[in-house]
Every structure is written in C-alpha cells, then in structure tokens.
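The next block holds one structure in the form of structure tokens; read it before the comments.
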C-alpha cells in the first residue's frame, strides 16, 4: 500500500527499448523511495539505467521506442505513469524539477538566458494570493535565482545567449532555472560530471546550501562516490537495471555488503597510494539477453548455483542496510 | 441565391477581345486594334457587305490624270470630331502624312503617299506607284484631328512634329467615331462613351422599340475561357468577340436561354505546303496529302457551329469558288494513286514530313495529329511539333527554314479582303513571311491575273478575275484547308446586332451597329 | 549590421550587372524577330528593316549592350514592343499588382504552413500528422492554375457567389493610383468599399498561389521540429513547467524555422515570375503576366527589365532572409561580427 | 597477407549487410514509408510495361478519333477520352515514362551541385568564398526557367534532354541557398568544433559532420520538388516546348485538360491524380529515408 509520507516511491519498475536488434530490457524491477526533505543518492556505473529511471519519473521518455512494461512511480501516492496530461503539467510546474548532465544542451541556443528564466517564473510561479507575478516581480525573482547560484553580474548574464557562457556558468543557469520556483523534489542527473573538478566542488556545495534553504528533497544521480558521501543521507547502488544495495550513505560506504558494491569501493583510487585498484573483472551485461537471476552473477566472486536461477530478493544486512544477494538469504526483509 | 447582377440597370456593354496593342490609328495593326479603331475613329471609305467600299467620311473619289497615281477625295461636310470641331481636308492631309511618316501598322500596303489639300473639303493623294484599288485600301486609314494632336506633341524623332502625339493618343482619341475614349490601360482595359453628335446619327430605323444605343463600352482583354464563362454566366460580360470557346462551352452557351451567338466573319484555317523543300516539293505528294486528310473526322462535332468547307476565299465571300478535293472527304484510294505518281513513291518509309503549329494552340495541334494519323495509314511519318510563336513565325522568313507544312488562321483582317486572300498570299510581291509559306511563284499565268486584279478599278470585273484565278492556284495544291472557323460572338440575349454582316474584321465590331434592349436586361435582372 | 547590409547591397549591384549581361545575351538568342513583333503582322519588309536599325538589332552584341546600358543609366528602360509604352511605366503599373497578390499569398502560406507544420511535428505520427502529410502532398501535386480554376468553379457554379475576378469589379471606379496597392490606395482615397472589395478579390487567387507553398514550408518545418524535439532543452522546458503553447510556438518553432525561412524567401521571389497562370485565370493585371507575354513575344527591352526586377527581388529577399536568420540564430550573428 | 584481406572483405561485407538490415529496420518501422516504396515500384513497373498494360497502346502514338472525343469515364475508357478521342488511361501510363525521366534528370543534375556549393559557402561564411558562390546563386535564381529553356532550345537542338538540362541549370541555386543557411548555423555546433580541433579534413567536416545534419530538410525539399519538376513540364508545354505531340506527358495533359474544366473534369483530374500518386510515393520514401539517417538517441 502506498506510504503517504513518502514523497516519491518507485515500485518494481520495468522499462525496455524496442530497437533493431530486439528488446532492450533495461530496468528490471527498480524499487526506491525518497521521503519528504530527504536527500537520496543513486549510484551506478554508466549505462546501468540511472538516466532512464530519472526520465521515467519525469515522464519524458521518448515513447516509442521506450516502453514501460510494468511497475508504478508514485508521487505522494499518485501514479505518475497514469496521470492525465493536465495533472502531469501541474506536477512538473509545482513539484518536480531537474538538472541534466550536459549544460551545453540544456539551454535553448537561440534565446537569451533571461527570456528562458522569465518564462519559467511567469508560467510556474504564483504569488501567495495565486496572482501571476508582475514583470518587475519576475525580473527580481530571476536576478535573485541567479545570485543564489553565486553567478557574478546577473543582469549581464540575463541578456547573454548560452553560446556566450562557459560550461560552469551555464550549469549555474540550469540550477537557477531548476530552483527558481518552488521545487519539492529535485532530480539531479549527474549535474557536475561535465565540469572540471574545482568548479564541480563549488557548484555542488552551492547546490547543497540552496536545497537546504528551500528544504526540498533531492534524488542525486551520479557515478562518483565522493559526490554522494557528503551530500546524501541514504544511497541506492544500481547495477544493470536493478538496485543491488541500499542504506545510510556513510554506513554503506564504510561496510558495503553486496559483492558488486564491495568491488565498486575497491576500484575507487585511494589517495593514500596503496596501488591502483583491480576494478571489477568482466563488463556490464548486454541488455538484449541479460543474465538470468542476479545480473551480477557472471562477475560475482561468491557466485552460487541459485544466483543464476532467480533474482535475489532484498535481505536485511543490519541497521537499515539491505542488499539483494543470496549470501544474506537467512533474513529476508 | 442567384448570382447578384453586375450593374443590372446600367446601359453598359462589357466586351472581351484580344489585348489592345495600341489605340493610335497610325500604329494600330492587330485585330482588336482594328476593332477599337472602328469604334473611336471613322475611315474615309467603309467596307460594303457585297465587297468593295462605299462612301463614309469621303462622299466621292476618282482617279485624276488617268494613270491611277493621283486620287481626289471629296469629304462629307459637317462631320464633327469628338472635340466638336469640324473635319476638313487639312485634317485628312495631316493624318495621311502622319500615317506614312510613322510607317507602322497598316500603312505598309499603301507605299509612299503624299497628300495635297485642294480646298476645304477636297484632298488629293499622290502615290509613288499606280494602284487601281487604292480607295479599297483606305478602310484602315483613320483621319485624326490635326489641332488636337499637335497640341499634345512630346519629344520624338519626327523633327518638328516630335512624337506626332503618339504617347498622348494611347490614352486619348482625336477621332470622329461613334464612341469617344475615356480611358485606356494598355493590355488591360479601354473605356469609351457614346458620341451623341456622331455624323451618321443614331436613328432607330431597323431596330426594335426597346433597343437603344449602348451608352458606355468597356473593352477588357482576358484570354482564359474558364474565367470568361464565369463572367458570362454572372452577367459580368456582355459580348465576347474572340470566339475562343471550347466545344463543351459552346454547347453550354447554346443551351442557356439568357445567352446567344452571333456568327459574323469566319477565319480560314490554312495549312501551307512548302513547295521548295522535299518531300512537299513534289506536286503529286502535295495532292496526296490533300486527299489523305480526314476532313469529316476533324470537323464532325463542330459541324453544328458552322465549321464547314472552305477554300482560297471564304464561302461567305462573294466570288468564292469551291476547290478540290470535292466532295470534301478523305479519299485514301486517290491519295495512294497520287503518292504512286510522286518521285518519292519508292522510299516512302524514310521520307520525313515536318508539320509545325503555333505552341499552345490546341485546334492547330489537332489538325497536325489528324494528318499524322491519316498519313501513317499511307506509310508516311509526319512529325508534329509546336514551337512558341516567335520561333514559329521566324521559321517562315525563308523557304529553306520553313517546315514542310505550317498551319495558320487567317481572319479577314486586311483590306481589301479579296486582295488579302489572293494577291497578298500568292503574288511574288505579296505579304511574304507567314502569308506565303508555300513559296510557289513559278506559274506566270497566276501572277499575270493577280497583277490584273490590282489594275482593275471596276469591282465587278475584279471579282471575275478573282473567280478565274482560284481554280488555277488550287491546281498546284499549295495548301489544304481543313475547315473554316466561324468566329462566334457569345453575347447576353439583350445585346442585339450587328445590323449589317460585313465580312471584314472591324466594321462588324463597330458598336454603332449593335443595340442593347434595356427592358429585357432589367427583366432578366438576376 | 549596417556594415553587413551595405556590403551585401554592394555585392547585389555586381549580381545585377552579371545578371543583365547573362539575360541580355539569352534574350538575343531566343528565336524570333523583335522588330517584326513590334510592327505587327502586316508590316512590310522595308518597315521591319528600319525598325531593326532603330533598335540597333543589326549591331554586334557588345554594341547593343552598350546602348542598352547607356539608356539604363539615364533611367530609360526602353520601349516595350508589346504595349508600345515605356517599360518603366509598364513596370510601375504591373509590379504593385503582383506584389500585393504574392504578399497576401505568402502571408497565408506562412500562417497556415507554420501552424500545421508545428502541430504535425509536435504530435508526430498522430492522425493530424498523417492527414496533414497527405493533404500537403495533394497540395504540391496540383498545379496552382488547376487549383485556381477549381476554386473559381466551386465559387461561381456550385456556391453561386459572384467570385471576385480582377482586382476590383469591372464597373467599380478605381481609386487614384498612389502606391499601386489597391487596398492601400482605397484607404488613402478614403474609400473603404474599394479596400474591402479588393481584399475579397485577393482571397481566391492568393490562396491558389499559397497551396503549394503551404505544403512545402509546412513539411520542412515539421521535419526540423521533429529533430529539435529530441533536444534536452525542450525536455527541460517541459519539466520546468513552461506552458505547452509557449514551448510549441516559441521555443520549438524559432530554432526549427531557420530552413523554412530560407525556402519562404525563395518561394516569394519564385512567385514573382510564376504567378502568371493564376493571374490569367483571375484577370489579374500583374507583373508576372507581363513578364510571360514579354518572353513569349520576344519583347527584348521588357525581357531584360523583367529579369532584372526578378533579380532585384531575389537579391533583396535573400538579404532579408539572411538578416532574419541572423536574428533567429544568435550563434550565426555573434560569429558574423556582432550586431 | 592474402588470407587476412579476404577475411577483412568478408567482415566488411557482412558489416555492410548488417548496416543495410539495420537501415531497412529503421525505414520499415513506419508502414507509410513501405507503402511509398511499393507505389514507386508499381509506377516504375507500369511505366516500363505500359505498352502491354495499357488497353489502347496505339493512343500514345499517332491516333485521332474526333467522333468519340471528350467522353466521360466509362467501361471502355476508365479515365474517359481527351479532346482528340484518345484514351486518357493509356496515355497516363505512358505519361509516367516522361514524368519520371524529367524528375530524375532535373533533380539528379540540379541537387548535387547545389548542395555541395551550399555546404562550402555556408561553412566558409564571411569569407570571399561565400560571397562568390552565393552571389552566383542569386544570378541563376533570377533567371526564369522558361527563358533559359527558350534560349537553350534555340542554341541546341530542342530535344527533351536539353530542355531538362535547362531546368536543372536553374534548379541548383534553390539547394545551395537552403544548404547555405543550414550550414552557416551548423558550423557553430560543438561536434563541428571538436572535429576541427582534432584536425579532421575539410572533406570530412563538410560531408561527414555537417551534411548528415542537413539531410532531413534537403530530403524533404527534394521529394517535394519532384512534384514541381513534373509540373514545370506543363509550363514548358504551355508554350510548346514540352514533350512534342503525340507523345503523352502528365504535365501537358494536366495543362491541356485544365482549359476544359469544369465540363470535362476527367481530362485534367486523372492525370493530376497520377502525378499525386508519384509525389506521394516520393515523399513517403523521403520521410522513410529521413528516419534512417535521422540522429536517434536511445
């Protein structure tokens, strides 16, 4: 039964893509949730289906070729997948917001930053009395949004075209766009991956402070452990279209239980210089004929016969931490 | 809801014709120019229904000095110009000098003419070479008012006369005709109103009680017949004088009680056969074509509209002689005999006959295709091509470049009509170009008779000469005549006319000869 | 920007110079004897010879061009052998008539074309997309004069309405010509009835001309809309809650319209020389019909003047299109050296 | 050495076969595109075997029968007869031959040079290269196809190929203008910048990077132009420059028939429909090809 207090709950989501070679079964039963005001991380290697998950929540998957075979995406208990277009529009305007990975593609090249920001504020912001904002109020709101992201000289930026801004500044504009309106849940799909490290750190800390001020909850999608360690309370580890482990961030990173997570942690280069990590042997599976049962079993050092029969259920591995692996079969959740 | 009547109660006639090229009598040359001339101006002598000419602005004329190089004309007195001034010999002399000096339009056939004023109402014309039929040529010479023209002269290359008022005369008129021009947009529209003081007067003799003179004329120039049919049906068009209707449209007009036809002059569909280029240089081969063509096949559906047999002259012209083949039917047997006699009898297969028609004219193409199919039965291939008019007419400038067969539509547009269809088309000093694309001048007897027709002042004797020369020309099979194409003037039923049927382009479109039944128009009211 | 426009205008002068040389040569090569055309059927050979002399037709090609260029510089385009009037006064009379018609046609094809293009692109593979696709193929396949005749037939015989033939009804007194645009002249002369009737008379011919271009421009917009839809920024516009209509006709249309604007410009200039068939059906005294008659009757001075006018139209239209594209696509403008 | 080249060839051939199969999959995903292909094959079949299919093959050659001219569609004459009594259905089948030929020749000769010149001019926008190419384009844009056709028929023999070349000569500027505006926008795209940075050759940038992205508008214009080209033949025939009688051509038949509207509607409507079918086929194929080459992110 849907848990009302949860903001977002994804239940056993299956998403595939029909292409020439056949049917790509990307998401094979993703289940995760984000509570009110909580900051959750979704970590996984490239190509494990993180972006597909986000796009499914925002319902911007290009259908065809994508098809949602089964599962629900509940936002405050209402299934986004079956929402009427009108309700979806209201959901996007007042509740959801997002930041995408590539700042170069995230801004309309033929319009000024200002005109795009103004339209967002005009269409999705209402004054407490429900009145549409006046031109002056919209302008002020835009300038404020830009300033909050630490953007220097926001007035000039407003009249610039995206081509005139650097990658970092563009991403700040994207953040301004995302957080300029009341955003209950922010879906950040690898917001800083395309930026160099110094800018990355500034932007993440600014993003974190802004999210705190607004009290919005975040689903942070990334492939870097460093990003999730400081910014999220709970994380999900995703491998080949399904969640393999979840739990409080620091606790899970300190003592990963699932073999894949352990391999993942081992392959993170240590500053302390204990040699280059071995990484995980083998490659992520081909979604055309994904390995039966637990999709990690071909690369799993602790492989057992039942691993290749049926996908392992989530089992408790102590203190709010759970992993989908037969090693811990004794205590199903 | 009926189509709302356009100007149901106005006494106006909207007339459609070919685009007016120019409204200046000295440069007017094409059909519609001539037709407008007869409304705005008056010629010295007027074409008579039975052929020849009759008095008009000139009451009498005779050669002076016996060698037909000097002609004296006595003018009618009291004739008023549109400006109200009286027409005098001074105006006529000035007009002839202007006509010859500008040297365009219809002045060609006159040669070099100098005019001399004898007294207020008498003028002499001195020709550079004797011509017995000079008076007949004056049906296309229209006197203009000297004072008005000289008052509106602009810069030009005629010395002291500047541009001889040519620019001014394109949008004004200085004539004596039954209608006065009120506006002219070249290639688009010409407006005119009735000239009450017209010298012939507006008597109601010969007209019905409610048939009154037309007060206002609007000449428009549309070439698309779907549009014209819409205009005709919506009452927007009163009289159409090009006659370019398709067969189904003619049927439609015939059925519609509010519309009617007037058939006035016919056009002679003529296919010249080039006697200087093989294979049509062989007389028997030409005769074979004459008999091979299926006349009935092509005319069949048009028979009801008068597309009958024709010859060198037109059947409705006095002095017409029916020429071979008689009866005008396809005779493949006779055609094969002629082919056998021709020098190409043996290798008919690789004989190539070229038939050119003017690009875009459907009825000409049909004649070509009919001939192509008929000759195919005799094993002779005919190539039918339709180059655009400039190229098509340029081809006929010399025997070598003229195709074997070229088709033309000759309306009775030049005066005198008999001379136009005989001397101008078969004499060595004739009009040449597209009018003599058979290039055959080798029969001295024909040339002798044709020269005689131009030296014979008496029109009856001249007629006898024309009758004598026609069979002679036909014997050489220089052309074959598929059919005559009567020009059907479609009109609203309340437009009545013409009072006289004159077989010549111009007088039949003189709106003085037409009346409008206003009661019938209001009754129709639609 | 001003510098850019100045440069382009200078280049256009060279274009027109090149064009005049090319068309001058072509006009001379086209078969037919212009002197004979000018004099009419009954002119004697001697008269034809004299006129050939007057028109310098017997001189060599460079000499003829010299005479023509010299008179052009004096603002004299020569006399049309068809209407016997100075070509300049012909053009002054005919150009506004055709301009008024094709401006109206381009307006129709822009509005209808873009709306269908955007909707067909946005709702890709929907029923609307399918229907608009088939209708546009029909539009492209039917020549404008068949459309013109069918419309005429429907309005006159079937609906029994008096279809507007000609710029204004025959019996209506035309207002004094100031701009040559009937609707404008009507307003200037304070005669509302003229302006209204002129508008009614514009509808059928303008729509007949617009049909092919609605189809073409609509299809091109639809194609680029389908491509632009896949871009991230469009998804983000949706996610950030911008109104769908604003996304459709602002954020989606502007980047997608660039190829269409080019084709629209070309179509406009194309109509200048190709509206003659529709003008014939609707008794429209236009420049296109004048151009056609000039070409058919080898009216030398008119042919050269006509093609120069078309050349100027293309040059101007292409310049305007390039400027519009610079404003539509700032990346082009910024790289071009700044507004 | 020989062993490996053979293996490579085999691999390359199999790869091409798979690409082809992949292309066909993308193409056939939309049933309309397949329909387009079927129609085109049918039209080609009909054009080639017209003499055997047409009920009255003789009517495409020298034949007149004024007695039963202008008859409405009936059992004997599916599309009725024209003003000269020839069976319109048979002439339409033969008419396809000429219409397809004129389309192929004009688009074949006209599109390629226009696209190439447009690419070069667009990519090198702001340099003298653009100025020269685009201004020459403006010159040729202004010359009405009719005058050029008239002039060419005077200079060369007025056969059909020359006329079609004349039209192709005035057709390329349209494409150079279209591609110019596209290329001048695309040249600022990042993938072009990256290609330049990595030292890709001019040829590569123009034809591997920019051209594929212009492919969609070009393909749309080209398939739409197919209709205009077939119809331009009717303008030529309007002045006697098109196909010489008695050979049939769809454009001429539509133009001739139009004069007899609305009474004899069949003489123009059926040839016009025949043109619609050809254009429908070309455009559906055009849309299909665009799906094959369209950039798709899965």
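Per-chain residue numbering starts at 1, and chain names A, B, C and D are given in the order in which the chains are listed.
Throughout what follows, a contact is a pair of C-beta atoms (placed from the backbone, for glycine too) under 8 Å apart; a residue touches a chain by one contact, two chains touch by 3 or more.
In this text the structure is predicted, and so the values were computed from the model without any measurement.
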{"item": "Distance in touch steps, counted as few as possible, from chain A out to chain B", "value": "2"}
{"item": "Between A-C and B-C, the pair joined by more C-beta contacts", "value": "B-C"}
{"item": "Chain closest to the middle, measuring from C-alpha centroids that were averaged per chain", "value": "C"}
{"item": "Chain B and chain C: spacing of chain centres that average the CA atoms, whole Å", "value": "38"}
{"item": "Approximate Å spacing (C-alpha centroids) for the pair chain A, chain C", "value": "54"}
{"item": "Mean-CA-position distance for chain D and chain A (Å)", "value": "49"}
{"item": "Per-residue multi-chain contacts in chain D, two or more chains", "value": "150, 153-154, 188, 238-239, 258, 261-262"}
{"item": "Chain A: positions in contact with at least two other chains", "value": "163"}
{"item": "Where chain C touches two or more other chains at once, by residue number", "value": "30-31, 149, 153, 157, 230, 296, 329, 331"}
{"item": "Chain-to-chain touches, reported pairwise for every pair that qualifies", "value": "A-C, A-D, B-C, B-D, C-D"}
{"item": "List of chain B residues in touch with chain D within their complex", "value": "225-226, 246-249, 252, 294, 297-298, 300-301, 358-360, 362, 365-366, 368-370, 372-373, 376, 382-388, 391-392"}
{"item": "Residue ranges of chain B in contact with chain C within the complex", "value": "1-4, 6-7, 10, 12, 14, 21-22, 24, 27, 29-30, 33, 103-109, 166, 170, 185-188, 218, 220, 222-224, 226-227, 230-231, 233-234, 236, 387-391, 393-395, 397, 413-414, 431-434"}
{"item": "Complex interface listing, chain D residues touching chain C", "value": "30, 32, 125-126, 131, 134-136, 138-139, 141-144, 146-148, 150-151, 153-155, 174, 177-178, 180-182, 184-185, 187-188, 216-217, 220-221, 224, 227-228, 231, 234-235, 238-239, 254-255, 258, 261-262, 268, 272, 275-276, 278-280, 283, 287, 290, 294-297"}
{"item": "Residues of chain A that touch chain D when the two form their complex", "value": "17, 19-20, 24, 65, 104, 163"}
{"item": "Sites on chain D touched by chain A in the complex", "value": "21-22, 25-26, 188, 190, 298"}
